[in-house]
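Below is one structure. I have some questions about it.
Per-chain residue numbering starts at 1, and chain names A, B, C, D and E are given in the order in which the chains are listed.
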Amino acid sequence: MAPFTRKKETLFLIIFALAIILIPLFVKNKYHFMVMNIVGLNTIVVIGLNLLIGFTGQISLGHAAFYGMGAYLSAIFTATFGFPPWPTIVLAMIITGMVAYFVGYPSLKLKGHYLVMATLGFSIIVHIFMVELDRITGGPSGFPGIPHLSIGAFVFDNDFKNFYLIWTFVFFCILVSVNLVNSRVGRALKAIHGSEVAANTLGIDTDKYKTKVFVLSAVFASLAGSLYAHYITFISPRSFDFYYSIQAVTMVIVGGMGSVWGAFFGAGLLTVLSEFLHVAEKYNIIAYGAILTLVLVFLPEGIVVGFYNFYRRRKIKSMIEKRGGEFRV
Amino acid sequence: MLNIDLINTYYGQIHALKDLSLHIEKEEIVALIGSNGAGKSTLLNTVSGVTPPRTGSIRFNKTEISRRSPEKIVAQGIVHVPEGRQLFGPLTVFENLELGAFLRFSRESRKDIEKDLRYVMELFPILKERREQKAGTLSGGEQQMLSIGRAIMGRPQLMLLDEPSLGLAPLVVIEIFNVIRKLQEDRTTILLVEQNARAALRIADRAYVLETGRITMEGNAKVLIEDEGVKKAYLGNDYREKRRRL
Amino acid sequence: MKKGLLIILVFGFCMFSSGISDGAEPIKIGAIFSLTGPGAHIGVAQRNSVLIAIDEFNKKGGVGGRPVEMVVGDDESDPTKAVMVLKKMVETQPIVALIGPTRTDTGMAMIPTLEKEGIPTFMHAGGDVIITPVRKWIFKSPYRAADAMERIALHLKKHNLNKVGFLHASDGFGKDGAAIVDRLAAKHGFELVAKETFDMKDVDMTAQLTRINARGPQAIIIWTIGPPMGITTKNARALGIKVPLFQCHGAAEPIFFRLAGDAAEGVMMPSTKIVVADKLPDSDVQKKKLVDYIKEYEARFKDTPGTMVAYGADAAYLLLEAIKKAGPDRAKIRDGLEGMKGYVGLSGVYNLSSEDHTGTTVKDIALVKAEKGRFTLVE
Amino acid sequence: MNSEIILKAEGIRKYFGGVAALNDVSFEVRRNEITAIIGPNGAGKTTLINLITGIYPPTSGKIIFEGKTISRLKPFHIAYQGITRTFQNLQVFHNMTVLENVMVGLHTQTESEFLNCLLHLPKVKREERRVAEEGASLLRFFHLESKSDWLSSSLPYGEQKRLEIARALAGKPKLLLLDEPVAGLNIRETEEMAELILKIKKMGITIILVEHDMNLVMGISDKITVLNYGQKISGGTPEEVQKDPKVIQAYLGEE
Amino acid sequence: MGIYEQILQFVLTGLTIGAIYALVALGFNIIHNATGIVNFVQCEFVTLGGMMMYTYYSLLGIPLILSFFLSMATIILLGALIERGPIRAARSKAIIVLVFITIGLSSTIRGTALLAWGPDNVPLPSFSGENVIRILGAAILPQHLWIFGITVGVVIFLQYFFHRTLIGKAMRATAVNRKAASLMGISVNRMVLLSFAMSGGIGAVGGMIIAPITTSSYDTGIMLALKGFSAAILGGYGNNAGAVAGGLILGVLESLGAGLISSKFKNAFAFLILLLVLFFKPTGLLGYGESERV
């Protein structure tokens, strides 16, 4: 889909920032805060993944591994070795990024299902390491006692404070992503999605860009993982298995590929939906699957892009009709 | 036998055929000539149901077929030999021929089908030798023969032939065209699309010249072969005049 | 969008919280189990076991006429979800105590919140990390894995089986066991000849058992819960391994016979007495309680209770006992639990204290053997 | 008007799984001329273009552009050398607007990388403004300015073809390769395209043209190279080629 | 047990488990060839095979052989329904959308299975007893022979079907060239339908023959399907000989890895080899390159 114009993006960003500031005035419930915080963390992962899948057209089923690496690196360095949390988050992002580079460079030469398998295989290997290196990671029982983040004496030790912390990061992630997709690099990524060969003949080093955006998306996931670890203060491998990868890619698709805001909506809708469906108790999984299927069958472009394109097509149609032309899709 | 009336076909966003009409009589060879991109292949695809027309009608033996799926049209007796042969590469020559008769297995006896198989092997003895070889490993000429042979196996009343001489050495082209003539003698009607205009016009009864989706000339093949306009349709107008205008 | 999200959330909460009320205001207890996901096969049985305990309690008059109501949540076997379910419960229901969760990792994830909120919690999780170190608000009802393994070790010592092979799952429970077996080997002086692991989703453990068998063990201990109990037993028998096989303290379930088939014959395991209640001497203090409970359970769920049920029910019994004495006050309930001495439960005689949040010892644990589709008491 | 040679192919061979698509083809392109490559279907024309633009390397032989061997370079390197192209099957980026398509074409003319773009530094802002302006002026040149924020997929076919040329031109190439620029266009559009190509030539850009439309080829080319069965069978001015019996035979069949 | 007997044991068990992976991989391949997608419902085909067998045999008391074929028929029907329903109705035929539709379906079916059969594992009796068979010092169960035998049977059947029957040839033709197939009068939709039905049947067989060893529950299929997919990719996606080779290689590698190197990292070991193969041969062991036309 076409991007919003720069001005519109700025307007949205301002509205979004205001919403983040104002929402806590209306919410008093820890649970609702926690749901929103998880939405926020998922959003960060999904924004990164969307840059890779939605914009560049390269599918990864391995981002749970990067999410987990962020969480575990933060946990191990701070709780076990007593590193200060903030620099550790950056360190975790750097290490995860490096790993992503070494995995991504050979993997992204693969096409289609082979790329999916390579990323999936990688994430399974990482998961096995989380489980088996139990002296360091705490193994399957998990890693407890991770410190909350703090600034000076101010500790982010409840859902409300973490709301501001997490959503500030979400805001900046959206901001930099909006910057990126509306830039030379963003256009290059979309061009790779549109036609890799054509992109290459226009001077875009497609291998380099694919690897770089893979690294960037891994770094986003790592950041979310670190925030998750410091927020919940406990992590276990179960949170970073391949179901999470599938869930994240589903969020990308349901929100709409190739739209930064779509990533936010996808993460929000699916996270809230699965919470909401607890009403259905044992029909929960069935309902979740059925809704997912229906959305994809009837709104394959995803919710945000789907509606946006619908609106856009109508607009163009009316424009053309005014000029007396013929409209075809 | 086949009546095409004012069809318009779009290929993606390209308006490929514009108000096109033509007709073919029983046991005729009709050639369709014109330069690349004129819409010849699109016309065949439209008749065989691959890219149905947006408007207009196509009647075959008085039955309207323009809204039918390719499978149904094959069942009516029209078989399309597509451009680029479109063989099933990993399957053997024999299997390719068998699949040509796909629809007949449920209606006809094996004997009839085997009779046609022998007929094809007689027409193209090389295919008999290559029976168990994978179609993808054949040479270009052999592939073209197999492609035509596969179509014969469907025992069509009307055969649509798309560029049978494409990329073939001259001797092979002669062989293929001999077979086409033989098919006509055996009472098959043929609509032949060719870039190799001279060869096509030599065996055709009638011909149509197609330029950018429209028919610009039609008539007796023997007459058209001498026409200067045909040459222009291929090699372009005298360029000096053109350049002056630009 | 944000507004829409809020509406959805509020709407959901309204639908969820429309509870039942008859007469006296009920006292609410939260109960979080893994009803879906990989822990579901234990979670569902646990929920059933707790249901019986609560109904029995309410029939006897509840807390001064006020019934106790269980608010059930499903953590989907996922730590993040577990915390969310817990927070939702804390925010929307006036729960005085919590039962569950099923798994060690979901339990660990919930601990920070539980400690902060001050909710007395009786967990069902198997892992000892839950109560080591002792946490103010957290108790657990299944035996300490260390105690259960000790029970096996005592048996080995008695029969002079000194070379032991150990096979465990790579999940939390299995790894916990792997750490304990090292300690016990040192303590009781047996030799650990081989130690192998497998993934919970694996379908064949022949390779691992072959490796163990090659080292000539005199006994093999297998530490896992769920389907692998059956697969390992079958694989071991198929390999012609004749030495005594031991499973963990979660294996004494009717399902063990279905999972292991004929191979189950002769396998030993630590267990609660619930699976051998009818074979207990009448002098056993637990016997009457066990027999009554089994009757009730069989009538209601058309199924024979296994050892897991006993752990689940005890968590409820102990909590209810404490609530009865202390009333709906979280802090008093907690204190009451720590003061619980000599309480006769299904799994043993509980002596809780500020140092011991499990309350059972190796003496409470029976060693049972699978024989002809039933469990029999070994010692 | 024999100007300097800008591109030279020497003994190019290309095999696909043992089958020769091009067999010992040599030819030259002179600066600021339009050189057409023609030949019947399957003659190897598109393969030749793909070799020049580095989509695949030749099996043997050499391609020299402005004195530098480019036959082993990756496509994006070749773009930086000053060669861009269009495609026979349109490769317009359908997921982007018309303006964005052209802006991608300016990739080689700009240099902001990931970090700068993420942070939207002032340098990036300036560059963006420049790119948008240049893109817009290109669209004006191609009469597409009124549709600059349309999704490129919603353009009519003929305009998509123009857009692809605009995109290729944005990279300020010295050599532009056009693969069947008028295929699928009607007569009026074809004439417009011919004018456009001549205008591009006037800008000082050398052009290689692969095309079946002989009116166009004969009308605007300076030199023509004719391929058949992967071999060069003729070459020269349009008049020479039009009269060459080998060419007539290749196109119309045996006399 | 000497080291050679041990290795023999590892190879034998690896081959039987590998046979299951191969079956699942074949199921993936058949649908891939017809549609180009990864069908996640393959997990549920395997799961339901075991669960239906349990239902027919243990709950309804239908004889073993009859139960076997009834279960197969049920899953074949399910496969067909999935194609006729959501897959054909999908507005977008983009591969990623279709793949995620199958993920949604997979979740729905898994939830339904949980509701229908509960979370517990259910047992199935071995087809012919549990008396251990000894081969050169290695021990296997009769069921292992069944697994191997039935897999070989399925492979032979598929070989026969795809190379000797008209419909089979038509399916291969459709996979090679949809357009040409429809020009021969072959209905592409019907071939896709058939491929869903067939891979349902094959998945079900896999689920049924492994269940007596592993027991069966509402989510047993996931890990088998994951390994099966890996096997399919390892062999070259879409290539049936590759699927069989990939499955057996993966099974043996795992078993040898667990037996000789470390049981802790045996899965990591298998996936690591898979990654290395992909890095050096990007289309799997026996895959054809996908050519890109410009």
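Assume a contact is a pair of C-beta atoms (placed from the backbone, for glycine too) under 8 Å apart; a residue touches a chain by one contact, two chains touch by 3 or more.
Quick caveat: nothing in here was measured; it's all calculated off a predicted structure.
Fewest steps needed to get from chain A to chain B, stepping only to touching chains, is 2. In terms of the distance between Cα centroids, chain D is separated most widely from C.
Centre to centre, using the average C-alpha position, chain C and chain E are separated by 35 Å. In whole angstrom, the spacing between the mean C-alpha positions of chain D and chain E is 48. Remark: chain B and chain D have CA centroids separated by 32 Å (rounded to whole angstrom). Within chain B, residues 13 each touch two or more of the remaining chains. Residues of chain E in contact with two or more other chains: 111, 114, 264, 267, 294.
Multi-chain contact residues of chain C (touching two or more other chains) are listed as 35-36, 170, 197.
The residues of chain B lying in touch with chain D in their complex are 11-16, 35-37, 163, 165-167, 170, 173, 195-199, 212-213, 231, 234-239, 242-243, 246. Looking at the complex, you find that chain A touches chain C at residues 19, 23, 26-27, 29-32, 34-36, 38, 131-132, 134, 139-142, 144, 159, 228, 232-239, 265, 268, 272, 275-276, 278-279, 281-282, 284-285. Chain C contributes residues 1-2, 5-6, 8-9, 11-12, 15-16, 35-36, 73-74, 77-80, 83-85, 87-88, 90-92, 104-105, 108-109, 111-112, 127, 129, 170-172, 174-176, 197 to its touches with chain A in the complex. Chain B contributes residues 48, 50, 69-71, 74-75, 79-80, 82, 86-91, 95, 98-100, 102-103, 105, 150, 154 to its touches with chain E in the complex.
The touching residues of chain A, counted against chain E in their complex, run 59, 106-107, 109-114, 116-118, 120-122, 124-125, 128-129, 132, 197, 242, 246, 249-250, 253, 257, 282-294, 296-301.
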